[in-house]
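Structure provided below as structure tokens; questions to follow.
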């Protein structure tokens, strides 16, 4: 079972950065990602309009621990100061571990 | 790492209660939340129409253990009897723990 | 607390198989499921159009360990070869464990 | 016989739903379509308001407010004591039937127009007025004047729900802009009206099909109530119309309004204010029985009633 | 030269897609736009059905059912033995090319209308008929008459998919309501038709651009097939049209239908019934090659073919 | 006084937003509505381009490119030194006010049409031209010519954003198809224009209400700037119009364009290119103050200005 353990990284941030973020994720070694549209509230206030400037995305990346750490570091350095963003990591068991 | 551990509370419930629920979450100490639209099936049947009365939302709250417990208790007392709702909690590692 | 532990199975796959998949999940013993629309990228390329043939769904099932294992096995056997699909499992604490 | 195509769209929706077709309107399309209908109906009423003295309508407004408040008192005891429903459910269903359905109204108005029968221009205003009182009555029936009644929340839910805001907003816009001002937006809101109504009824058919499926669980009482109650309400509505001196068309539409059961404003308000009421029950009745009954059979029936009453 | 603006919308979509612009239609808008097109085409056919004896059309219906069933048998061996594609892929692509594309039909019908060329009113009915048989043939080609064929599932997917339900539903509505009944919903379904088609083609252009990108992986065979097959099918379609005694417009449209490749009904059905077929392959051919070829070049070509065949 | 109903929709949106009604347009509907507006405005411009020699417009194009480049240099020092805003914020807001708002333009053009005042047909082309230079200036103001400027990314964001693609795409379509070619899609893009603009302004009102709420945090400077800057810009725009020899309507529209502040193209570009600028600040100014000011008060004001300047 242990060899099947990976990290699930969930990033919630502004819809406006989707393109940029996706490019960075791939550069940092993510083999895939999944995005859903979201709304919410955090330290930067309510983000929930019909309107792109105020809507969120929820990005999930399943990856190994090293990649998760390097993505986390990168986002902290390049995104956190300027964008509404939160990030959290959980342990998940996957089926074809070679994929991630 | 340990100081970075928080709870991720996921609530799946009727779209109709979004406003009420969000108010309660804030009163109970959540510093933020994220909502996505969802459909599904549970003990109260299929909920999956285009139509608000039969659609779901998926609410995520990252918070400390105490807040998670108090939200759970509150929802059990005030929502579970009358609303289609499920709730589950997972452990997550966060980046700026002071935020949550 | 321990009796409240369940598995959260998350499946990300093609929107086209929603109906089929849901039938199978119920047959395999899931008491419920939650679906959100998603887009993403994986080994089968970018899936992110307005267009059903190229869009994803994200399916969550909370269930006990046995059901999770049998769903996983079934999907590996019947879906993995032909469909864009990933699957991961996490531990979650639930409120009314009898439900799941 | 000549069937209005919008009714055929409704039947197509029901058929597709019952056959478990994959057809469904995206939520955003359903909202767009409802918005256009609500704004359009509101504006039609507002344009006519611009032509009439408001005072002349006060008695009519009072009459329909009263009508909307009293119908729940007819429904509640039947539901509670004949149907043996729990108090919250009886109250919630009573509120649905005291209030009105904009979709039924639109089909009725279109039917009258098809027959070349005119009606009082202020009907959309009366529609708005009749939407609200039954909600308050229903909440009081369920909860009494209890301290935890969160009245401000209820008022917010009732007066600031999407439907009421769009209807009243349309009314005000039509009123202020007047018939000549509105000309430039007529292509969207008036010329497309019937087509938009057709799409709306297609989705209503799909929703109705789901509710029909749910009817099985609730037995024959709900079906009988879902047909009997609108018949009774239609008589009350028609009598009020005659008493107010309305034309044949006006009496018919007031009967239709009275007979119709809400499925937008009231469910939303009840879900929040009387959460212990089972929404599946009230929607099975109002959408699974009463809406199709009114739209397919009731409207011409209420028209003959209006004629028989000498309107 | 005078280019139809709807074609320009298609080109705009392709250009925006290839330049990786952020332009994209929300899924709900795409669905609304398709729904209006499908209902409108269906209703146009139904209105005309109301004017004609159904029996007269039986031979035509049989002819197109046969045409749709036979085209896959032309495509399959080419794909399997010249293209060396796996059996499932060959079968799936054959099904796409045996069936029809509603978008191509709409552009073709608009082109004929622009040229002032009339065509047989029952074409939408024939379109519906031609949509289905190739799907069944394709599934049988891929899987044979195996026991696990879940036929009810296949039938459900085929006959109750969105597209077929809206086309047939529109057909029935137009038929029952008749030309005079439909007048009230014409502003939405008929007057806006070309504008709605423009938005649809904008999105088709965006989708096509993605498919063009995918073509690289599949080599030159798919491109040649995607142009050669419609040319061959168009000849078959035109011959059937001439044999049926159709007018110049009718022969042209039947050639267009035969030449068109499905990208809605068939992909959905194949995904479920022949999952081992790679959908990227069939969509690269039908959307990346055949759709733009037909829309930009094929239609006038098939028209000259019809004229040459003496229609 | 006769208020245009589209303005009433805007006010309805603001009122519903401030009262915290549940009314909101689904994102997909907002996108559909914006798309139709942008394509329609673009096509209107393109149709007229088809009638005029392009060279005659070169000086006008150069003039508005210059105007759009210079306005940020007026705004920046005020924001930086009077408003004491951080450099990035000052640069970002300056870019918003140098660029233009398509919504404001649409309301202005509709207002002129209502008054029976014609204007130069190439205005949509000038609108497109004025949208872009301020963005580049703003980015340079914030970041200087630094090495990490990712210029290709900026260019992509600017020239391939939804808004610009649809405007220019519409322009090209109108140009190529010409006035007679476009007739078939007029019902959707031209006849429905005002109704679609009404829905757009309803949503703009809802968004504005949110921004008004945010104004509190940023104090009185932003409000004064949000009114003073468009007044100043309008004078510049009107003078350029007079200098170019435009008609009364053309001068008014150029004043309106200059006075308007972007809230679509610029925020998207700034978010990516100057992320350290706080978007809440620039949107509070452009949407919370300037948009309603222009739409409700500015337009007639700029018209009298145009007349006073002898246009």
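As written, the chain order gives the labels A, B, C, D, E and F, with residue 1 at the start of each chain.
One rule holds in what follows: a residue touches a chain if its C-beta (ideal position, glycine included) is under 8 Å from a C-beta of that chain, and two chains touch if they have at least 3 such contacts.
Owing to the predicted nature of the structure, the values given are computational and were not obtained by experimental measurement.
S.K.: Identify the chains in contact with subunit C as well as subunit E, in label order.
M.R.: Chains in contact with subunit C as well as subunit E: not a single one.
S.K.: Following contacts chain by chain, what is the lowest number of steps it takes to reach subunit F starting at subunit C?
M.R.: The fewest touching-chain steps linking subunit C to subunit F number 2.
S.K.: Comparing centres built from CA atoms, which chain ends up most distant from subunit C?
M.R.: Measuring from the centre of subunit C, the most distant chain centre belongs to F.
S.K.: Which chain maximises the distance between its CA centroid and that of subunit D?
M.R.: Computed centres place A farthest from subunit D.
S.K.: Where the centres are mean C-alpha positions, what is the separation of subunit A from subunit D, in Å?
M.R.: 45
S.K.: Between subunit B and subunit C, what is the gap in Å from one C-alpha centre to the other?
M.R.: Using C-alpha averages as centres, the distance is 20 Å.
S.K.: Please report how many Å separate the Cα centroid of subunit A from that of subunit E, as a whole number.
M.R.: Centre-to-centre distance between subunit A and subunit E: 40 Å.
S.K.: Can you tell me which residues of subunit E touch two or more of the remaining chains?
M.R.: Residues 22, 25-29, 32, 187, 192.
S.K.: Where in subunit C do residues touch at least two different other chains?
M.R.: 19, 36-37, 90-91
S.K.: Which of the chains are touching one another, listed as pairs?
M.R.: A-B, A-C, A-F, B-C, B-D, C-E, D-E, D-F, E-F
S.K.: Which residues of subunit D touch subunit F in their complex?
M.R.: So the residues of subunit D touching subunit F come out as 26-29, 31-32, 35, 156, 160-162, 165-166, 169, 172-173, 176-177, 181-182, 184-189, 192.
S.K.: State the interface residues of subunit C toward subunit E in the complex, per the touch definition above.
M.R.: Contacts found on subunit C: 14, 16-17, 19-20, 37, 44-45, 49-55, 81-83.
S.K.: Can you check the complex and tell me which residues of subunit A touch subunit B?
M.R.: Contact set of subunit A toward subunit B: 10, 12, 36-43, 48, 56, 58, 72, 76, 80, 86-91.
S.K.: Inside the complex, what are the residues of subunit E that reach subunit C?
M.R.: The touching residues are 24-27, 29-30, 153, 203, 206-207, 210, 214, 263, 267-268, 271-272, 275-276, 279-280, 283.
S.K.: Under the definition above, what is the set of subunit B residues touching subunit A in their complex?
M.R.: 6, 8, 22, 31-36, 62, 90-96, 99
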